[in-house]
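Labels A, B, C, D and E are assigned to the chains in the order they are written; within every chain, residues are numbered from 1.
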Amino acid sequence: MTERLNRHDARRQADFDLNFGKEVAEAPGGENLYECIQCGACSGACPMSAYMDHTPREIIGMIRSGMKEDVLRSETVWLCASCYSCTVICPRQIKITDLMYSLRQRALKDNTYPKRIPLPVMARDFYKMVHRHGRTNEGRLMTNVYLHTNPFDLIRQTPLALKLWRHGRMHLRQESVEKPSELRDLMQSVK
Amino acid sequence: MNKEFEPKILGILCNWCSYMASDLAGTSRSQYPPNIRVVRVMCSGRIEPQLILWAFQQGADGVLVGGCNPGDCHYQEGNYKALRRVTLLKTMLPQFGIEPERLRLEWICASCAEEMRKTVEEFTNTLCRLGPLKVQIPQIIPVTGKAVVEYVQT
Amino acid sequence: MSKPKVAFYWCASCGGCEEAVVDLADAILGVVDAVDIVFWPVAMDFKREDVEALKDGELAAGFVNGAIRTSEQEEMAHLMRRKSQALIAFGSCSHTGGIPGLANLYTREDILKRVYIENPSIVNPNHILPQEKSVETEGTLRLPAFKDDVRTLDQTVEVDYYLPGCPPPVNLIVNAVTALVEGKLPPKGSVLAPDVALCSECERNATKPEKLSMKDVKRPHEIIIDGENCLLAQGVICLGPATRSGCGAACLNANMPCTGCMGATSGALDYGAKALSAMASLLDSNDAEEIKSMTAKIVDPAGTFYRYSLPASFLHRRVGRPG
Amino acid sequence: MLLRDEFSKNGDIRIGVYVCDCGTNIAGKVRVPEVVEYAGTLPHVVVAKEYKYMCSDPGQDMIRREIKEQKLNRLLVAACSPHVHEETFRNVAAQAGLNPFLFQMVNIRELVSWVTKDPDKATAKAKDMIRAAANRVLFHEELEPLKYHIKRNVVIVGGGIAGIHAALLLADSGEHVYLVERESSIGGHMAMFDKTFPTLDCAACILTPKMTMVKSHPNITIMSYSEVVEVNGFVGDFKVKVRKKPRYVDEENCVGCFECIDACVFKDARYPNEFDFGLGKRKPIYMPFPQAVPPVPVIDADTCIEFKTGKCPKECLKACGERAGIDFAQKEEIVELEVGSIIVATGFDSFDPKKMPQYGYGIYSNVYTSLEAERLFNASGPTAGELVLRDGSKPKSVGIIHCVGSRDENHNRWCSRVCCMYSMKLAHLVKERTNADVFNFYIDIRAAGKGYEEFYNRTMEEGVQYIRGKVAEVTDNAQTKDEEGKLVIRVEDTLLGMIRRIPVDMVILSVGLEPQHDALEVTKMFNISCSGGGWFMERHPKLAPVSTMSGGVFLAGACQAPKDIPDTVAQAGAAASEALALSHKGVIEVEPNTAFIDETLCSGCQVCVGLCPYSAISYDQEKKISILNQALCQGCGVCAGACPSGAAQQHLFNDSQLMAEIEGALAGVL
Amino acid sequence: MDYLYYPGCSIKESGIAYEESLTAIMDVLNTPLQELEDWNCCGATTCISVESDEAIALASRNLALAEKQSNSKGTVDLVTPCNACYLTLMRATHYLSERQDIAGKVLPALDKQGLHCDNRVRIRHPLDVLVNDVGVKAISDHVRRKLTGLKVACYYGCQMVRPYATFDDPHRPTSMDQVMKALGAQTIDWSLKTKCCGAALGSLLPDIVEQLCHDILREAEKRGAEVVVTGCPLCHFNLESNQSAIRKRHPDFKTIPVAYFSQIMGLGFDLPPKKLGIQRLFIPLPASLTAGAGKGGEYVTA
């Protein structure tokens, strides 16, 4: 968050953008957004909600109220583990997991994603690797992510890497599809 | 898709369900394309192919037959009669070069205003995609001095 | 006093209507006694010029059978109209379009292509189609124009009476001619046949179950048809309920279903639609899928329900859409 | 058939067109003056007028005056739906001496102005619809309304509190009532409850006296253990077939001493009692609950040894002795009743929480439904009113989960309306009986009734915890010491914005209400329809809340929608008075939209005979044609639609009228 | 029936034992899997976090390849053992049929490359195939070494049953339990079968994921399970590799081996452990389970 607000300040409507809710509702996952009854079943079912800065329910409420900044800078959308517990339990059939994806896309595009957690970086690195080769390599991917976030983690993870290597569970060779350029064309043409 | 084209839909609706649903769509102020013209009958079981083909001849691009959900017919089983007739008629329409999608049978219950709205919207879109239906028929030359349409009795 | 003059002409039809006149057998002698036949191409050597030479309205009656497909047929229809006091559409084809009328399910181009190019028994490497005019060394040849659709007689000219049937039953012809000779014709526009459907004169009508329904749809060749009972109850599409009577249920007596040549009664405006509605209503199922599979057994619905009346139907022909 | 030109020749058709503004409801979208001007140009229209409110007195006066002055013989009013004001304007026509069926209503409000954005298109559509009607009325003919005599008996289907209340009202006013109940006792769900909210009256104390009154009332015939199987006829003259299931105890002979139950070879009750949801036990011969009415035991053939093996010493029979109450030979019986009206009061089912496995019902033994909890609290229930778990211990903490199966698109989308209140009542009872900690988990508290909000406050004062949040799961996965051996409720406390885990000994699921599992068959039988979700549909949600689309069939209680007891009783009273008003009128008039058969055109093909749902058409062996009985015809028009020769037609919906209307509707340029 | 096989990236690396054992048991059951040629990464939950149309196009390419490679003119069964791939490919089929806007971009783009997606591909999890096509009966018929008395905790994870799958209950699935029971094993009754393990957050948010895994593993242990059985390479990785860290934080926690259901099946079919990739597990299976396997040695419960 840009700056910590004084607790005693009322939030002013001028800071809110009611169009934000409408935009999010248009994107995949936003289908039933305005039908949310704020029951909290999603948050209750979410395995990560206890670690989030806002619960998924709060995020939906914030989207509808137009709290664009707060939503796009929130860690919540990146902490989603894609377990879909919220989606299947939601009494209004809101596709909350898919909603989180579209918020992540938005945050990356607007460059408003939270910088303190490594997940956005990993999303980009993963995407780039797929873009380049059509397949991923776990070892190389994690190496890239650690280098881009906290190189010390690389050292911390070395024993695990060695263990995987010993058990024949890590390859160094980058696998790829036959013609990566065709795959890139495919992705390019839906942009 | 022809953007200019405004298809004409004739809706023949059952008094107890789909007509009530259109009434409810009105009271709930749902907005749908103005392309439908509604004729009310007591039961979809009254609706017969002669009326539907007449509508096509008279310039309808699509015909919507609206009845009660299976099992909910106000007259017990009238809707099933409509189902039988429409099903058979739909097998014949392609022989006349008419896409079967131009004839739509929908079960729309009295409280299904939203479904009514959606149906009209979807149907209008479908017909926009299909384009206009132009039935052209030769005039019957009437016997002088007497108005005659089609076959006349002894 | 001279005998009333009558003429017969044959447009798009099979010739069966001409046969029907011959089938009058002994009765034809009475007809010949009563009237003077001045034009009958199939039987007598009079020419078109002979008809043209008549005064307008000189014919007491003109009988035209066959539908109108070519420019020549159209011209002749107009000629017959002009010369006749009463123009009678004779037989299903001129009445409602008849079998030739089924051609309206195809476009003119499709028909020509099928007949002159795609037909396996045709050798036509240069894909030559009939031309209205073709210049040969011997001179210019002309053929009548093949029109865009098949029309009934009354879609071409004003018609005073209709004698329905394929062909019209002998007794109806006799009645009509008698009425003509005696000057006792009904109001113009009348169909010269009873205005009630065939079940009224079908012996099998008494065998109908209390609740008539069709459990399945069968084509006549698929079952051995019971000779006594109603065909509908046996699952065979019989159009008797929708079809004008007057034929004495001839087909039913030969153990075959009515296919509707006599056309509709005055209560129905579109024969096929009414017939289809009745048959569909009788299908004994409320299950969408089952109904679908039953209706699928009617392999050619347009041909089944509009076998004799397609050009007279609401839709008249295959819909040609602009663009 | 469609001899349109005959009218133009005659020139004797004079149509008056009256277009209503309906304030701004119509005039706000449709340019009414333009429409009126257009209507004036249509053939045979001699007058076209606009008025602000056509249904008001001045509007009606204008029409009446002009019908006379202008010698109108056709009347067309373009306003709202025929379901709203058709009757009004038919009366206007009649008062002015014009046959009311020469009138046609054009709906340019519900079908046009309220659903169209663009004024141009709305105006064009209104013109088209008026043209369609102007075309149609050319073919209208004078008709007389049909009149029927009304029988004074009433059948009430369902013996819950709604049926009981309606039966007593009608019986007291002198009508004879047949009260049909499918269970062996009347009383319904209310008989299961211990206390009722918000006043905490004991349910038995207020219900059982009424049950006894039903039993002893000379004008009421209780038909318990019975079901309606077939309904024929129509308003004023229904024929209702009722199947009486054999209970193997003769209701006439039984004196209600229950010595047979004591004598049964099973010394201990060992079969789950359905009335207690299996929490209590019964014998093969039993009473579902002590206050059952009629106070006659029933033998369950599935568990009775005599029925299973034929080798029982039949102690019950011996105990009954000369009273001859036990009758193993009893057979199912079909009784036919003739009644003038029907009240459907079939009540509700409760949601089966097994459909939501995250709440652990059927998995963890200490998860109960609210109805099971009601039985536990009931003084004559399986635990004599003590709240104890299956292992006999008393819960020290109880979680009550609201909205189970309700307000949920995955299950039932509606609010079940009573759960908030009964959950509070259960919370209060838990506090009162055990002083356990009680947590109520709710989405919204709906306490909109007399004394309800006060009751909510009272339970809060009693210490009931209210946590706003829809519970995500009930689990036996303990993560800490204090959770061991407990059921843990995981929920977001949405007011505090935090995830909580709350361990409890007992979970009560406040299951929602849903239509009876066989509601669909009931609608078919009584020819009524369902609104969303399967609740029975009333004729009008505000103005005819207990009538149905079927004349003479009325609704009472929760079969129409979830209701609490006060509303159910009020509605039962309304249904009873509707039935009473009908029978006191004696005669009913109905729209003559019946079918008829043109005898000259009919060939006797009999296509129509089997299709008629009311057996109104038969084949006349003499005339060899089909004959239609107007008195049985309900006016669906199925015969007209199927008739291959056009002989069968329907008044007000004949081929000419419909085809002329279609032609007019489509003649415009869109 | 012919099954195409979409392995996914993880199966080829950390989850290699899953592929080895799955291939082995499917061969025994006469249900061979034919690998999809030139498959690409499904995009997992990560690509869709960057760009949704591209992510769907990426996943859809595999669907189109399957339609191309299959002999079937009708439905094509594409089996994928990884939960994330299973979900991602399934999501693509749903988006293509539900979101006209996305389908309108993706389908023409595929067409340009000569690939077509006619909505004919049915995504199948191996457990779905085993329970619904092969059948529990056929599995128990192939058991050569009954695992009577072995107590296993079936752990399904999330994406195998949520939100699109219809072959099992999303809250209380049973397919894996059925398979394990067919081997003669005993399955524990627990409520954490589908609790999330932390999935892709595993390597990046170790504290959180450790805690999630601890909850699951401890419950399994508490209920007497000797081994936790999974059907997903990521679940397997998280549950297995976090145990040393968990032990540091929770000294009372012992260790519990984590295996793929296909490995346990292989042991029940008496296949050699090597062929099943048993040696690749960090935490060895109970000796009673592996000793003598593949040599007709009977299983004797400890």
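The definition used in the following text is that contacts are C-beta pairs under 8 Å (C-beta built on N, C-alpha and C of every residue); 3 or more make two chains touch, one makes a residue touch a chain.
Keep in mind it's a predicted model, so treat the numbers as computed, not measured.
Asker: With one step meaning two chains touch, work out the least steps from chain B to chain E.
Answerer: Between chain B and chain E, the shortest chain-hopping route counts 2.
Asker: With chain D excluded and the rest untouched, write the groups of chains still joined, or say one piece.
Answerer: No chain D: A, E | B, C.
Asker: Which integer distance in Å separates the CA centroid of chain B from that of chain C?
Answerer: Chain centres of chain B and chain C, defined by C-alpha means, are spaced 30 Å apart.
Asker: Provide the C-alpha centroid distance between chain A and chain D, rounded to the nearest whole angstrom.
Answerer: Here chain A and chain D have centroids separated by 49 Å.
Asker: Take the average of all CA coordinates in chain C, do the same for chain D, and state the distance between these two points in whole angstrom.
Answerer: 55
Asker: Got the chain D residues that touch at least 2 other chains?
Answerer: Residues 1-2, 358, 473, 611, 638, 641-642, 655, 659 of chain D each touch two or more of the other chains.
Asker: For chain C, give me the residues that contact two or more of the other chains.
Answerer: If we look for residues of chain C contacting two or more partner chains, we find 195, 264-266, 268-269, 274, 277, 281.
Asker: Residue numbers in chain E touching 2 or more other chains?
Answerer: 171
Asker: Could you please write down every pair of chains that are in touch?
Answerer: A-D, A-E, B-C, B-D, C-D, D-E
Asker: So in the complex, which bits of chain B are touching chain C?
Answerer: On the chain B side, the touching residues are 48-50, 52-54, 56-57, 70, 77, 80-81, 83-85, 87-89, 91-92, 95-98, 131-146, 148-154.
Asker: With touch defined as at the start, can you tell me which chain A residues reach chain E in the complex?
Answerer: 27-28, 47-48, 51, 79, 81-85, 87-88, 95, 97, 101-102, 104-105, 108, 117-120, 122-124, 126-127, 130, 134-139, 142, 145, 157, 160, 163-164, 167-171, 175, 177-178, 182-183, 185-187, 189-191
Asker: Where on chain D does chain B make contact in their complex?
Answerer: It comes out as residues 1-6, 9, 81-83, 107, 109-112, 114-118, 121-122, 124-125, 128-129, 132, 520, 523-524, 527, 529-532, 537, 549-550, 593, 611, 613, 634-638, 640-642, 650, 653, 655, 658-659, 661-663, 665-667, 670.
Asker: Name, in rising order, each residue of chain C that touches chain D in their complex.
Answerer: Contacts found on chain C: 195-200, 205, 208, 210-213, 239-242, 245, 264-269, 274-275, 277-278, 281-282.
Asker: Which of the residues in chain D end up touching chain A in this complex?
Answerer: Those residues of chain D that touch chain A are 358, 403, 407-410, 443-444, 468-473, 490-494, 497-499.
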